[in-house]
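The structure's right below; bear with me while I get my questions together.
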Amino acid sequence: MSRHFSAEITDIRQLSREHFILTLHRPPSAPEPGPGQFFLIRLPRCGEDPLLRRPFSIFDWDEGKLRFFIRVAGKGTAILAGSGPGERIDLIGPLGRGYPEPSDGKRPVMVSGGMGIASLFPMIREQGKGGLLLYGARTSDELHLLDEIGATGIETETITDDGSSGRKGTVLDLLHDAVQSGKMEGAVVYGCGPWGMLHSLLGFLKENRMEGYLSLEERMACGLGACMGCAKEIGGRMLRVCLEGPVFSVSEF
Amino acid sequence: MSRHFSAEITDIRQLSREHFILTLHRPPSAPEPGPGQFFLIRLPRCGEDPLLRRPFSIFDWDEGKLRFFIRVAGKGTAILAGSGPGERIDLIGPLGRGYPEPSDGKRPVMVSGGMGIASLFPMIREQGKGGLLLYGARTSDELHLLDEIGATGIETETITDDGSSGRKGTVLDLLHDAVQSGKMEGAVVYGCGPWGMLHSLLGFLKENRMEGYLSLEERMACGLGACMGCAKEIGGRMLRVCLEGPVFSVSEF
Amino acid sequence: MDLSVRIGKIQMKNPVMTASGTFGYGGEYSEFVDLDRLGAIVVKGLSLQAREGNPSPRIWETPCGMINSIGLQNVGLDAFLKEKLPWLRRFQTPVIANILGSFPEEYSNLARRLDGEVEGIEVNVSCPNVRKGGILFSSTPESLKEIVGRVRDSVKQSTLIIKLSPATSDIGQDALLCEKEGADAVSMINTIPALAIDTETRKPRLSNITGGLSGPAVKPIALKMVWDSYRRLRIPIIGMGGITCGTDAIEFMLAGATAVAVGTANFINPSATMDIISGIEAYASEKGIRKITELTGGMQCS
Amino acid sequence: MDLSVRIGKIQMKNPVMTASGTFGYGGEYSEFVDLDRLGAIVVKGLSLQAREGNPSPRIWETPCGMINSIGLQNVGLDAFLKEKLPWLRRFQTPVIANILGSFPEEYSNLARRLDGEVEGIEVNVSCPNVRKGGILFSSTPESLKEIVGRVRDSVKQSTLIIKLSPATSDIGQDALLCEKEGADAVSMINTIPALAIDTETRKPRLSNITGGLSGPAVKPIALKMVWDSYRRLRIPIIGMGGITCGTDAIEFMLAGATAVAVGTANFINPSATMDIISGIEAYASEKGIRKITELTGGMQCS
C-alpha cells in the first residue's frame, strides 16, 4: 500500500463546459481514502511546466475506481480536462485530515457552496439518509450531480445566487431557514465552498456554539506538511492545510 | 498564403520503435515547399516546456497533406510520437534554401546516411528515374522506406554499418564503387546524413572537383535568420543554417 | 483608449518593442509582424566592425528557457547604416540601435555615429571589457559609470537607454547610477549567465561554455528587478524577460515598466509582438483603462 | 563503485542530500524515502525561537519553477533538539541543521548550541538583517564576513557550511570570502529573488510581495554559479537548484559540486532523492566510474 501510485484514466465525463468527472482505475495498492481527504495529481503529458501537482478532493471511490469532480480553473485543470482514457496519471494520496463522523445521535448537515460538493459528496454518500444537504450554486447550471445526490436518499435543499433554480440567495439563507424550522437541532455541520461562504458559516457556527467542520483550500506544493507553503492563519497559528487540514474544526478558529 | 499556420494530424505511422511518419492535413493557405526545405514544428500539448520549436525536413507532400519522417531523438520528438490524429500542430515553413535542381544533363546522385533520407526523399521523388541513390544505415532495420523509394523507380544501392543487409560499410564505400563503375560521370551529388559522413563526402567532392549540395543540421531557435543561433562556420564565415542553408553548395565550404 | 507611452524623446504608439538580438534587423520578421504596429524596433547589437561571433553550437534549450552565446555576431555599424536602416525607415516605427563594445571608446564611437540617425540608442553593458581581462562593463559601479558617462557625452539627439545586466547584487542601484549619469531610460533584464553540460560527453552544451538564459523561466526574476528599480527611479524602465503574452506585459507594467520588450517569445510565436499588443488592448478595454501609462508601477501592495 | 563523498568532516555514502525547507524535518517524507539511503538530511531553517512565518499565500507556480515566501516558519531550536533530532537519530544518515537569524548574535547562538549535536551546520545568509534596515546579510562582503566569522568562532565540532545567495554580482568571490573566513564548505544556490503579480487584482501573488524562485527554471543559473566558484575554491561545494534527476545531479558535479541537494523536485516526485541516487549509480556503472568524486569539476572545456 503506497500513497504514491499511478492510475489509468478510464473516463472523463463532461458535465458542462467547465465541469467534468475524472474516473481513474484504482490500483489494488492504493490505500482507502476517507471523506474530505484529497489527492495531489501530477498533470499528464507535460514536461516540467506546469510544475506543481494539483490538489483535488476525493469525490467518490470503490474498490475499482477513484472519482474526482473537477472544475476547469486554469491551465492545469484544462490539461486534465483534455486528457483521455488510457493515459496514466501519477497521484499522491489520500492526504490530509478529512471530515470526522458525526458523534452519536447528531444529525450531519452538509453545507455546500459551488465546488464544495466535490469534497462533501463522500459524507453525503456515507451519512446520506439521516442527513441534510444545503446546496448552493451561482446558477441552476452549476447545481451539478443532483441525480447522484438524490440517489443517496439525503434530504436536499438548493438555492442559487441568481434564482435560476429554487430560491434566490446563498446557502447561508438556507441555513437560517433550517434553524427556523428546527432542522438544526443537534446538528453537526460540514461545510465546504468559497472562503467568503465559509467565513460567514464560521461566524454563524461560532455565534450559535455549534459543532462544525470546514474544509479549506490553499495553494500547495508538497502536500505532506514539509514545505509550509499551504499554511493559513487559523486561531492565531499558521496551520498547514495539507496536514492539519484541509478540514478544520470550528473550535480551532 | 502564410508560412505560419496550424494543421491537423491525420496519421502517425510507426515504422519502428524509434521511427515514425507524421502526416498532417495541409491547409490550402500553406505554401508549397521544395525539396530540402524544412518546417519548424511547435510541440503540441505542452506548456512552455519544451520551449523551442523543432526543425524537420519536409519528407513528402501533395495538395492535401504534408508528411515528415521523424526519429525519436529526445523529449520533443517523443512528445510528437505520442500525439494522435485530430490534434493540431503549429508550423512555420517552408523554411531555408533547399536542393537546387540538377543542371541540364547532369545525373542526380543522392547520398543518404541514416535519417538523411527524410530530407532527400523529395529529390528522389522528383528526380527519381534517371538518378542514383546510395543509401546507408546502421542496420537493415534502419533502411526505412525501401518500398516508397522503389516506387519512384530510382536506381538504389544500400549498405549497412553491420552488414545486416547488403554490403558492410558506409555510403562512402558505395560512392567509391560508383566512381569505379563510372556511374558518377557527370553527376551532381546531394548529400544528407550525420556530420561525420557529410564531412567525408565533402572531402571526396572537393578532391574530385564535383558539384554537390549538402544539407546540414544545427540547433535552431527562430528559423528565420533573426537570432543567429544556428550559425555554423562554412568557408570561414558564420552562416545561418536556417536561412543560408540548410543546403549548402560544396563550393561554399 | 490611449496605448501610447514615452521613453525619453521617443513617442511610441504602444508599449511593445522587440528585444535586441531576437528580431534581427526587422526584416526577418516582416512576413509575420506588421512593423508599423510595433511600439519600437530594437535591432541586434551593433559593433563598429562586423563580427562573426562564437563557433557553434550557440544555443541550448533549458526548462522553459534557452541559453544563447551568439557572441554578438552582427553586420557592423557601416552595413547597418547603409543596408539595414534605410529599409527600416519605410516604417513609421521608431528604431532603437543596440550597441556593444570591447573598449569604452568603441561605445562612444558607436554612440556618436548613431546619434540622430536612430530614435534611440540602447547600450548593452553586459560585454567583456577586453582591456580589463574580460570582466563585464556592468560588473562594477566604476566601469558602469565610465561607460554611461562616455555615451552620455556622445549622444545629443537620440534617446539614451542603458540595458542592465541581472548579474548584480542590486540592480536598482545600477539603475540609479545610470539615472544620475544622465541616461534617459534603463532597460532590463539582459540574459542571465547560465551553463548546461552534456553528461554524455562531459562537454558544455555551448562552444562558448557559458551563455545567457532567457525565456519564461526568467520572468519572475526580471519582474522583481523591475519592481526594485521602479521604486528608486524617475526615468522610465523598459521591462523584459520571458514575456510571451499580453498579461505578461501587463505584469511588467504593474511592476514599474513604462514599455516592454519581447525577445525569446518571437521564436516560439513569430507574431508574438502582435498578439501581445492585442492582449494589452483587450486588457485595457476590459478594465476600462483610458491611458495605459496608468498601469506603470500600479501593483497594489496593501 | 564508490559513491561516497566528504564534505568537511561529514562522510556521506552518496552525494545526494535534501535541500533545506523542502524536506521538513525528515519525517514528512519517511513514507516515500528510505532516509537511511540519503547522503545527508538537511532540515528546515531553524531560528532560536519558533517562527510563524508569513501570512498566506506563500507559494506561486511560475514557468518550470515556483516562488515561495514561507518566511522561515519553523519549530525553533529547542523543539528541534527535543522533538525532531532524536527521531532523526534513528537513521544512519548525517543530519545538517540549516540556521537563520535576524541579528548576527542569533546566528552565533544557534551555531554554538547546535555544535556537536548535528554533523553539519548550514548557515542561511540570505536573511534580512533587522538591525540594518532589513538588507540581507549576504548583500555586502562586510556583513557576510561578519556572519561567517561569528559562526566560525562558535562551531568547533560540526562541519560548517555557508549557503550562498545567487543575488550577487560574483558568487565566486562570496564563496572565496567564506573559504578565507574558515568555512568548511559552501552550498549554492539559495532561491532567486522573484515576483509575480495577479493582473486581475493588481496584487502580488504572495502576501510578502516577493519571494524566492526555485525549481528546474533556475538550474542553468545555478550550474553557472557552481562552475564559477569551483575554479576559485579549495573547499567543497554543495550544488543545488532545479535538480530533478540523476543526470541533473551529474551536471552539477561536472560543474564542480562535490555533493548535491534536492529541493523543489521532492514536491513533484516524493521519492525524487531515491530516483536521483539510482540515476547516479546507473550513470557511474554505465560509464565505468569507480569513484564518484572523479566527476567533480570534470567538465571538459577544450
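Labels for the chains are A, B, C and D, by order of writing; each one numbers its residues from 1.
Assume contacts are C-beta pairs under 8 Å (C-beta built on N, C-alpha and C of every residue); 3 or more make two chains touch, one makes a residue touch a chain.
Bear in mind that the values here come from a model prediction, so they are computed numbers and not experimental data.
*Asks:* Which pair wins on C-beta contacts, B-C or B-D?
*Replies:* Between the chain pairs B-C and B-D, B-C carries more contacts.
*Asks:* Let me have the rounded angstrom distance from the C-alpha centre of chain B over to the C-alpha centre of chain C, please.
*Replies:* 36
*Asks:* Between chain A and chain B, what is the separation of their C-alpha centroids in Å?
*Replies:* 54
*Asks:* How many angstrom lie between the CA centroids of chain A and chain C, rounded to a whole number?
*Replies:* Whole-Å distance between the two chain centres: 47.
*Asks:* Residues touching two or more other chains, restricted to chain C: which are they?
*Replies:* As it turns out, chain C has residues touching two or more other chains at 62-65, 215-216.
*Asks:* Using the touch rule from the top of the page, what residues of chain B touch 2 or more other chains?
*Replies:* Where chain B meets two or more other chains at a single residue, that happens at 47-50.
*Asks:* Just say which it is for the chain contacts: an open line, a closed ring, a star, complete, or other.
*Replies:* Complete.
*Asks:* For chain C, which residues are in contact with chain A within the complex?
*Replies:* Residues 63-64, 216.
*Asks:* Tell me, which parts of chain A touch chain D in their complex?
*Replies:* Within the complex, chain A touches chain D at residues 2-4, 42, 47-53, 92, 218-233, 237-238.
*Asks:* Contact residues on chain D for chain C in the complex?
*Replies:* Per the stated touch rule, the residues are 62-65, 67, 139, 167-170, 192-197, 199, 201-204, 209-210, 213, 215-221, 223-224, 227, 242, 247, 250-251, 254-255, 283, 298-301.
*Asks:* Which part of chain D faces chain A closely enough to touch in the complex?
*Replies:* 21-24, 28-29, 31-32, 44, 52-53, 55-66, 68, 70, 73, 215-216, 244, 264, 266-268, 270-271
*Asks:* Show which residues of chain A lie in contact with chain C when the two form their complex.
*Replies:* Against chain C, chain A makes touches at 47-49.
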